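The following pair of complexes shares a single chain, subunit A, combined with subunit B in the former and subunit C in the latter.
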Partner chain A sequence: MGGYFTTVATMIGIYALVASGLNIIVGFAGQISLGHAAFFGIGAYSTALLCTKLGLSFWWSLPLATLITGLIGALLGIPSLRVKDDFLAITTIGINFIVRSIFLYVPFFGGALGIGGIPTPTLLDTRLRGEYYLTLVLVLLALTTWFVHRFARSWTGLATEAMREEETAAGAMGISHVRFKILAFTIGSAMAGLGGVLYAHFVNFISPDDFGFPVSIMLLSMVVLGGMGKIWGPILGAIVLGSLPEVFRPLVQYRMLLYGAALLLVIRYQPQGILGEGSLLRRLFPRGRR
Partner chain B sequence: MQLFIEHLINGLAVGSIYALMALGLAMVYGILRILHVAHAGVYAIGGYVGLFAFQATDSFFVAIAAAMVVCAIVGVAIEKVIYYPLLKYPPYVPLIASIAIFLSIEEICRILAGPYILGFPRRLALSPLTLGSVSIGGMQILVLLTSFAILLVLWFISERTELGLAMQATSQDMAMASAMGVNTKRIISITFAMGSAVAAVAGVLVGIYYNQVYPTMGAVPAYKTLAIIVVGGLGSIPGAVLAAILLGLAEALLIGYAAVPLPRDALAFIAMIIVFMIRPQGLLDRKTR
Partner chain C sequence: MAEKGMILRVEGMSRYFGGLKAVDDVSFHVSRGEILGLIGPNGAGKTTCFNVISGVYRPTAGKIFLEEERIDGLPAHAIASRGVGRTFQIVRPFAGMTVLNNVMVGLGMQRYSSFLKSCPVFGDSQDREEAMAFLREVGIEGLADGSSSVLSLGNLRRLEIARALALRPRLLLLDESFSGLSEEEIQQMMELVRNIRERGFSVLLIEHNMRVAMSLCHRLVVLDHGKKLAEGSPGEIRTDERVIEAYLGRGASAHA
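And then the complex of A and B:
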């Protein structure tokens, strides 16, 4: 495998992980979020600070930063209790802008220069680079996907989906919307934080612009494109949207235009996502009877 | 005092440009419940068409008219080709489509006109108005007069004509309006045409005011105007205008007097979050609903 391929594949793996976290919030709990890059950034900045300022190793910093992001996610999920749909979408945009501004304007976070010198992790005296790092990302992606699968099948997952379908009816059945919305934000943000940790130690240098609003758009597009609320949806979305710019790379000038046009075409003709109910793929290959 | 009044006028000018942009967004939200992010793309197109028309004819009015016509066509095309078929899906689907349109428009502008900042060839010769010790720039007068005229025309259409009545009815209850004989499909298109034409004016005015037209000029307004229409009460047109002008004033005075460590552009979102906490229905209640 060439270095180029490994790099692209690692980035796709990281985005798939972060998008799966967003899928918990948007797909399972039905809470639209356009600020997911903020949590991706909080994870990355947490690990960067823990490693460069406190000198923690990657293996300590990974769970710690994930936990921190999850807690902040619980806190920033509180607006979802008060506002819905479009209002929530705009609030989360606001959260993204404000978090990015804090990274940019508070000197503690390194300002516009960002934070450099984030160490590459080592395992058994081997520096995890290239294919090793890709393997690490894929293992963690597999673990979280397994977790999402368990979550979707669990009572908690079913309760969360019931709340998405009909909050009032679910409430009448004793499903507390406070508990399950905050839970969804916590899990989803923690997964974004984990992705942020992997990103920071992969590129070794982070700056506020890596976690701006366009990244949130890309993440939500991955979830919607793949199929919301489907376990494999965000992963497929990440593969498609992560590789499209690379496929179009020879057409330097038109690359981003084709990216926008492709996204527009899919959402216009497959609004439920590639794996969603009623999509072309589902109609061509209907589910067998069980 | 003199400086204060100059900041105030500047804030008013910037605020009225925000108002022109937010208007179209509030109109579209009022009628289709879509967050029309691509509106800022239409505004950038307005800036470019205005610039090219101005280069060709040297006339401010031709520039405005050309931009309005082109943007109205683009706006209606977006509505007919993309939004209308997506109306039956949850609101995030048209929202993502809108963001994709916005990205594509930015890229088309960059490919056609180059990534550079273009300036208007010759600043319009406008002499400043001097009142006592306060002098008001010619640009500011132009911006204020144009936006005021447009707001007046829109107010007249919406409050004093049958078309305005039909538009209000459609935004209150589309099915009921349709049952009463309103051609709602046509009203939606007219709304898009009007909103986009007003955004075009905003694009031309910004281009002249800052002497800058560039492909990503819509990026900051795209999200700032969303915050504005929330502060104004989603879908409320007078609310959006009021919120836009207040924001323009607040930004100008903040830059003028307070040394805050936050960027100017974050102010809109902070205002929005405060409004959510104390007045979730926005500054002005939508009298209907």
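And then the complex of A and C:
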């Protein structure tokens, strides 16, 4: 029972981290992405390969795989400079399918069987399992949430939001959309990569389907549900959407349906998300700040 | 190679959209401390001139100098950071932000090209003080902490000016800052533009209202169908046959 709760909580923590990264891209920079699971997967596969093929320890692999994913994110963010809105949505879906196909069809990545034997990390001779691993995830989630908070209050964050609100006017204020879009994709992807690392070392075995398009939809649903551009939005979204399927266990085959229904309800009744401006929650618990 | 005292020099600037010559071989300059008016009928190419000068569009042909430096073809953010501030005919506020933060975005202009300089937290008391000073200058300091999405058109035009001033530009481009304003607001806005010039900014402005353009500008450049039709003091322009024709149509009497 305790083990079950810990497992669910760990997965929610990981998804919250990955969704927070997506929030940088979608919420703060205003660039739609329906392919975020690709970066989640790149982080997971990077650490899997670094640990199983090169024998790196988790603690080296974690920053390295995060960095690799961030750099690939910078590269794959380039389409956002040329296309917008629905075209960008389709392009990012394409990226998701291509990345998943590479995992699936290039033998180096283990094909449909994926990669197993990803080691559980150890710290001071203790294997980090169960509550220990959950603690690790929560510490990293806290650190990245602090980072996002700090990002939002920086001049970089201000410029990113200005670009989202009005790209042409932002240009007239000295803000390069190239610079700030690529930066958002880099940060957002790196966070997805970090989440991927945590995922891989948690389940010890990964395969391409863990990072397919439905996962991207789930991540985007978490961001939209919680409130785009709100620091706590994706975390709340991850808690709600991560625990719903557990609460409604018998309905587990219908989880996509559940996400869809939750999303529709939010868009219909709370278009800014649960934590957005003017939402029910905010009216019930008004506080001065964002 | 610009003459001393010139802040902006445009040489043979053209911008085509497909077959349409929106701006066609236009040359003019803005002197330091001058208010130059760009006037002309609807669709004459005035806004397109602004968009090319400020880097929203690349010129199809021609050269643009900001003092000694050639700036044509540079991206918009690079031209802004070299000292060209602008407003938009169709206002473009950062609608999701407070009025104060709209101006704050402009204050940060020197930081956005450096990773390290854009890392610090924005909006300390000094930043707020500076941003407030610009809002005070345009007369909307009382709205600072409200959302910019609920402002009246007149206040949005003021906000755009405050935001552009926050860049501390060498040259300020104002695109129809007077349109859609009440008579009283027009008077206030004229006062504001005069004050801005007095503080040492050079201004290039587009204006439809002839009375405003004539009384505010030191010189006027008239565009029609993308071409420069005339250039001179308000007195000269007022009596120029070609200008009267362009505005009133061929065959109209000389009463403007």
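We adopt the following convention: the second predicted complex is superposed on the first by the 272 of 290 C-alpha atoms of A that agree within 3 Å, B and C clash if a C-alpha of one lies under 4 Å from a C-alpha of the other, contacts with A are read in each partner's own complex, and residues count from 1 in each chain.
The criterion applied here is as follows: a contact is a pair of C-beta atoms (placed from the backbone, for glycine too) under 8 Å apart; a residue touches a chain by one contact, two chains touch by 3 or more.
If you're wondering where the values come from, they're calculated on a predicted model, not measured in any experiment.
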Partner chain in contact with A:Leu67 - subunit B first, subunit C second, else both or neither: neither
First (subunit B), second (subunit C), both or neither touched by A:Leu81: neither
First, second, both or neither for A:Val203, with subunit B first and subunit C second: neither
Most subunit A residues touched (candidates subunit B, subunit C): B
Which of subunit B and subunit C A:Val8 touches, first, second, both or neither: neither
Which superposed partner A:Leu138 touches (first subunit B, second subunit C, both, neither): neither
Touching partner for A:Ala159 - first (subunit B), second (subunit C), both, neither: second
Which of subunit B and subunit C A:Gly174 touches, first, second, both or neither: second
Subunit B and subunit C contact sites that coincide on subunit A, given as residue numbers: none
Touch list for subunit B against partner subunit A, complex: 29, 33, 35, 82, 85-86, 89, 91-93, 95-97, 99-101, 103-104, 107-108, 111, 223, 226-227, 230, 234, 261-263, 265-266, 269-270, 272-273, 276, 280
In the complex, subunit C residues that touch subunit A: 54-56, 75-78, 80-81, 85-86, 88, 92-97, 101, 104-106, 108-113, 117-123, 163-164, 167
Residues of subunit A that touch subunit B when the two form their complex: 26, 32, 79, 82-83, 85-87, 89-91, 93-94, 97-98, 101, 104-106, 213, 217, 220-221, 224, 253-254, 256-257, 259-261, 263-264, 267-268, 271-272
In the complex, subunit A residues that touch subunit C: 150, 153-159, 161-162, 164-166, 168-180
